[in-house]
Amino acid sequence: MRIFKPLKHYSTYSASHPPAFEVALGERFCVETADAYRGKIQKEEDIPTLDRIPFENANPQSGPIYIKGVEKGDTLVVEILDIIIKAKQGATTMVPDMGGLTRTDITRLLNEPLPPRTKICPINNGLIHFSDTIQIPVEPMIGTIGVAPEFEAISSLTPGPHGGNMDCPDVCVGNKVMLPVFVKGAFLFLGDVHAVQGDGEISGSAIEVPAECMLKVDVVKKRINWPRIESKDYIMTVGSARPLEDALRIAMVELIEWLVEEYKFDKFDAYQLCSQVAKIRVAQIVDPLYTMVAKFPKKYLKK
Amino acid sequence: MRIFKPLKHYSTYSASHPPAFEVALGERFCVETADAYRGKIQKEEDIPTLDRIPFENANPQSGPIYIKGVEKGDTLVVEILDIIIKAKQGATTMVPDMGGLTRTDITRLLNEPLPPRTKICPINNGLIHFSDTIQIPVEPMIGTIGVAPEFEAISSLTPGPHGGNMDCPDVCVGNKVMLPVFVKGAFLFLGDVHAVQGDGEISGSAIEVPAECMLKVDVVKKRINWPRIESKDYIMTVGSARPLEDALRIAMVELIEWLVEEYKFDKFDAYQLCSQVAKIRVAQIVDPLYTMVAKFPKKYLKK
Amino acid sequence: MRIFKPLKHYSTYSASHPPAFEVALGERFCVETADAYRGKIQKEEDIPTLDRIPFENANPQSGPIYIKGVEKGDTLVVEILDIIIKAKQGATTMVPDMGGLTRTDITRLLNEPLPPRTKICPINNGLIHFSDTIQIPVEPMIGTIGVAPEFEAISSLTPGPHGGNMDCPDVCVGNKVMLPVFVKGAFLFLGDVHAVQGDGEISGSAIEVPAECMLKVDVVKKRINWPRIESKDYIMTVGSARPLEDALRIAMVELIEWLVEEYKFDKFDAYQLCSQVAKIRVAQIVDPLYTMVAKFPKKYLKK
Amino acid sequence: MRIFKPLKHYSTYSASHPPAFEVALGERFCVETADAYRGKIQKEEDIPTLDRIPFENANPQSGPIYIKGVEKGDTLVVEILDIIIKAKQGATTMVPDMGGLTRTDITRLLNEPLPPRTKICPINNGLIHFSDTIQIPVEPMIGTIGVAPEFEAISSLTPGPHGGNMDCPDVCVGNKVMLPVFVKGAFLFLGDVHAVQGDGEISGSAIEVPAECMLKVDVVKKRINWPRIESKDYIMTVGSARPLEDALRIAMVELIEWLVEEYKFDKFDAYQLCSQVAKIRVAQIVDPLYTMVAKFPKKYLKK
């Protein structure tokens, strides 16, 4: 298996960056990813400040990976074969003016900011040692994955139709992520692996680790509008927006349109059925756009 | 077991309604509840219009149930022993200008409304027959349950600190609902049982059924701000607000405060831990306030 | 002119309160209103705490005023003839967890609350003495005015279709406020006069004063959905909701519907014209629902 | 006066575009701007479709203009000396899934879209002929103006800290716009002149015209976070975000910080004073982020 070891990381999703690795459809390959702090947070004294992690260094991405045989208008399918954590510990932080339960750069208030804070958690035998009494099983996931947009250069802190910083625990081993392709070759980027993450990533930070991600890519010759995910039990759609209900509306309308187009549901039947059986994941409410996932159980799909 | 068969139903949560039933702490009792349409939707031709279900008749509540020995400032604990569906079918509807994926009375737009629509689903052997090919296992829950607020009379369509129309699937058999008490005797109301409901109750309607609810009530002599739920595996807090992120912020801050006060977590430890292990339920995004549930796994609670 | 001096004030808008004063259509009358703190904030040491102003005493309302000849479904027209400030000073406060630039009971965050604070401003010769160097001309307005809802009892802190705590500077001398009538006699309430208020009432408090309000009431035999205001130069519609865009959408759709129904505009012509000539007032973003006003210049109304 | 006639227009704000024109501080110069439809909407049959105006051609910008002597961290001051409309008519449209009172790409719903629609309005003698009976005085403004961000390439449809598509009627003749500088030379872009625009630009389109903009640029050697505007009577701050209250919170906190830093107000005095005298402009609620303007009357500024 070929391994992509990036010489350089990027903080924007853009087709203006030169392809750094090239893969063929069906090829299995491995991508080394840096942690979200670019390795600068190693002990609890390393508190996250703008000095330590300037904006241009936040959430470094490995890529662009040029996918041969993929055109604008296609759907790129990324299968996640494995995620291997490459550190003996993970870091989780409180970055001032970032997080779901604090004033932020977007929700500006006159209250004082929360203090910056770093927690280092040893990881061994598949357990994250959050404290002496609390050990959390590892459930690795890729926080940030996506393709280049057509014209813009989008910060790696932001999710969108191109994927990006979705921080969704369903982007995990065994699942497939489908991404709309905006430029020839797709220009795949990824990074920001989490050893584990709760719904909402409420403090703004998961257990952040460097990793190796084993992937296989494929293509479907049809157009989608927003990322989709498939697991053993669910088909899923991802929406990112503010306020949070708009992220959910995007995901849900995309899910219903999927049921109509591919599974031949009547639109309002699908709407009324989702009201009974759909599941919803709050992926994150801490990034510049929030991310929601709408899930439909495969067992109710028509044959 | 005594059975409360209401002679009258109410569409507001208010201490100005005379108590209709009185129970003692620890007593097991049964409450008959009408379906959300007050029985007026029985076949698919019964489409939901303002003629058929005028606002003053929507979501009829059984109550008030006066709980002896409960004072303002206490926490009422309602244990749900059983929920028995009392019909051979359930109805789910599309009410114009209501629902999560449509213009509404609150999100006013110039687009045309969605059509009204009724779907009747036979229920037997624990299965809801949504269509010839789709059968959904029954998972009954109480959509609306709460106590009288101190001064206001709140519509039974609205959730809030008093509980009310939370439409939360975790209000189900085996779980305990904790409610803040605002007036002596609590004045418990309930109704709106769902045979099953998806996350978000996205169309605005679950499988609506009449039911019998077997309950037991208890009291805790401390004050809470918002409803809480306890299941075998989770402690949960409920928040209702708009936009959706504010409902989640309420639930999450209440959860963290619970962890701090009762389980002696440091506040920021709890915040950072929730970012790794908390689960979030989108209860509904269709009522005048939206409802979110924050869940903390009991296995991580300190002894 | 008859004067209504309330013996009692209310903190809810409800038809369950007994009428305290009765007026005829066309009659000019005067209503005494208490300030929003019920007179409990008189000097800068009187900081606003829950002890001093318990929730049940906040924003006391004068009423209900029964309007003879007004039926459910009518529109009540309240002309504001004069507002006389009945104090030599006004108070403005910072109430913890209330205001537009702070964490609140609805936007719950982990940041520390802002401190409580009281500022007393002498008023004389039509000037409010905010500080030694800043004097603000008096522009009195009625912060809270409305009618009883049909079933609910709504807190006087909340605005809605019934009016209530709209905190809109256009509710001032010379203007007419139109309110939908939900119960026979309308049950008019008012209070919360401001000596002056900025757009948004951003700190959550204006220059709060007791007052005498000279009013005249009339009726129009048609139904409206939300409050409307008419001034010399504008017709205006009022919407209250969260998030803020929903308040604006309500006001704007109501404005367009008014232009269509009464002034015979084509719906989309009205939409496209409002995009060029409409004005928008942010009334307040500090109450449980936010209030926006959409204004159409009378000079563009068709004859 | 030198005139910048762009050979090419851009749809992103980015420092990766080569400077097309270079000016010195203090120089008066003229910029030709295309209309928002790139001239493709000339008659009412030209309805706005994705064929006619593909995304990559929407809202074309003139620039980048390199400003000599301006460094990262500075504030660029752009004085608007004149705006000359270069057409005998303006176009206003309804673009499907765009606008303040419709489902959109962000607020995804199941309702049918509004129809596309074009209205052509002759302009002469300073009047816009909206219809036979309605003539609106011309009040020209620059809809989109800003500088390059540091790393990203931001769509010309989106506003932000860099300025961009703010659609603010206060960006008009006689006023000064202050912009934070992120890259050496600032890389100024502008376009999207409106012959007139209402608050909120509610349909998503003003009276769109090509124009010549006479400008003068200056620099202040201090850092600001978001655009500011100064008129004869007001100092103003601009915030862009969703939901709308967050745009307002940004603008208001920036305004208070300006009052504190430059005019030596106490922070909470400024907060309490703004609650009495601030004005708020809803610039637009139709772009990917909404824009609000907070205004403080200069007459209350300390000497």
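By letter and in written order, the chains are A, B, C and D; residue numbering begins at 1 in each of them.
The rule is short, and it goes like this: a residue touches a chain if its C-beta (ideal position, glycine included) is under 8 Å from a C-beta of that chain, and two chains touch if they have at least 3 such contacts.
In this text the structure is predicted, and so the values were computed from the model without any measurement.
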{"item": "Chains touching both chain C and chain D", "value": "A, B"}
{"item": "Interface sides of chain A and chain B: same vs different residues, half threshold", "value": "same"}
{"item": "Between chain B and chain A, distance of the C-alpha-averaged centres to the nearest whole Å", "value": "33"}
{"item": "Separation of chain B from chain D, taking each centre as the mean of its C-alpha atoms, in whole Å", "value": "46"}
{"item": "Contacts with two or more other chains, residues of chain C listed in rising order", "value": "101, 107-110, 114, 242-243, 249, 252-253, 256, 268, 271"}
{"item": "Residues of chain D that touch chain C when the two form their complex", "value": "92, 94, 99-101, 114-115, 117, 119, 128, 130-131, 133-134, 136, 196-207, 242-245, 248-249, 252-253, 256, 268-269, 271-280, 282, 285, 290, 300, 302"}
{"item": "For the chain C and chain A complex, residues of the former touching the latter", "value": "101-103, 107-114, 243"}
{"item": "Chain A - residues contacting chain D, complex", "value": "11-12, 14, 16, 55-56, 106-110, 150-155, 239, 241-243, 246, 249-250, 252-254, 256, 267-268, 271"}
